[in-house]
Amino acid sequence: MPLTRISLARGKSPDYLRALSDSLHRSLVEAFEVPPDDRFQIIHQHEPGELVFDRHYLGGPRSGDFVLFQITAGRPRSTGTKAGFYRRLVDRLAEAPGLRPEDVMVVISTTQLDDWSFAGGVASMVRDDRSAR
Amino acid sequence: MPLTRISLARGKSPDYLRALSDSLHRSLVEAFEVPPDDRFQIIHQHEPGELVFDRHYLGGPRSGDFVLFQITAGRPRSTGTKAGFYRRLVDRLAEAPGLRPEDVMVVISTTQLDDWSFAGGVASMVRDDRSAR
Amino acid sequence: MPLTRISLARGKSPDYLRALSDSLHRSLVEAFEVPPDDRFQIIHQHEPGELVFDRHYLGGPRSGDFVLFQITAGRPRSTGTKAGFYRRLVDRLAEAPGLRPEDVMVVISTTQLDDWSFAGGVASMVRDDRSAR
């Protein structure tokens, strides 16, 4: 159920973007209780000056390869699950596309189950609504 | 009070985008308790590879016409209201621009009334703040 | 801890965008309890037709210079703090880049402390996790 906006500077190859997407999704499945086919991501590539970030706040040093993942989750996860996901994500991204952990920032927002309609005009996670259509 | 980010693949005409915008707004007014002149939308058009979605998860089959609506609402609505809105939205979008219900995904997030300043540096929905300026 | 998406029509100079960014950040530090080096912003510049807004709803008249700030905050702030921030922001933006208060809209969303990983795969605001790595 998560939807993730991935923001980075323009200039990476399609293969690089695909690796970002794959490693994020793999981490969500492995460590954030997400089904394998629940994959929804939006990549925003930015021009110089559009992506503004401090190089050293609570980590870093961040480089021009900085990537920000803003995740809208469908239901709450525990602090332990979130922490495990953060660790898994930087490990997977280090493998592919080879992103430094210092360049990985994540922000999670949480919604409720009835906030999602995946398709067809139904409240996908509400049993009565799914059966009513 | 809702703000909606509309994400789709680049390549549609201005008339198509306008119809998306109109049908979304009409559905919000008709079925989500939104005033007619409370209209704020941001359209994000994406290059190939930037919009990542599973073709079949909880619906579909999704096509290249897939549109994702991420709505930030100003106050909670009931499950029934949300479900009614989802139905209305796919019906309106089927009329114009002729979007298949299978290609419509919606995610709603909720805020509080004092989270909104529409203009002029006031907390627009807080009565004391509005009268103080 | 806030992350802000800044949306406006394409066509402003790099200096103008920098002034938007600076005045937002200064306002957050001065009136929203944000540390000086906690600066994360994403600027989205939009083509004609992509930024849809009512010219008069609860304020305005809005012009083509309209800017929408969507802020994801790390923890709740009081109504008074939010109201003070809205006032400060329009004042700073009027100074530089010279934006009319009528063209400033703000929406805030709130998360929890464990929703943020600033870098390195740690839950940055959770003490045990920071010390564990």
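Labels A, B and C are assigned to the chains in the order they are written; within every chain, residues are numbered from 1.
Going forward, a residue touches a chain if its C-beta (ideal position, glycine included) is under 8 Å from a C-beta of that chain, and two chains touch if they have at least 3 such contacts.
All figures in this text were calculated on a predicted structure; none of them were measured in a lab.
**Q** At the place where copies chain A and chain C touch, is the share of residue numbers found on both sides over half (same) or under half (different)?
**A** different
**Q** Give me the rotation angle that lays the C-alpha atoms of chain B onto its copy chain C, rounded to the nearest 5 degrees.
**A** C-alpha superposition angle, chain B on chain C: 120 degrees.
**Q** Approximately how many whole Å separate the CA-defined centres of chain A and chain C?
**A** Measuring from centre to centre gives 21 Å for this pair.
**Q** If a residue has to touch 2 or more other chains to count, which residues of chain C qualify?
**A** Residues 44, 109 of chain C touch two or more partner chains.
**Q** Going by the contact rule set out above, which residues of chain C touch chain A in the complex?
**A** 3, 14, 17-18, 21, 35, 37-45, 72, 109, 111-112, 114-124, 126, 129, 133
**Q** Using the touch definition up top, name the residues of chain C that touch chain B in the complex.
**A** 7, 44, 46-47, 49-54, 56-60, 62, 68, 70, 79, 82-83, 86-91, 101-110
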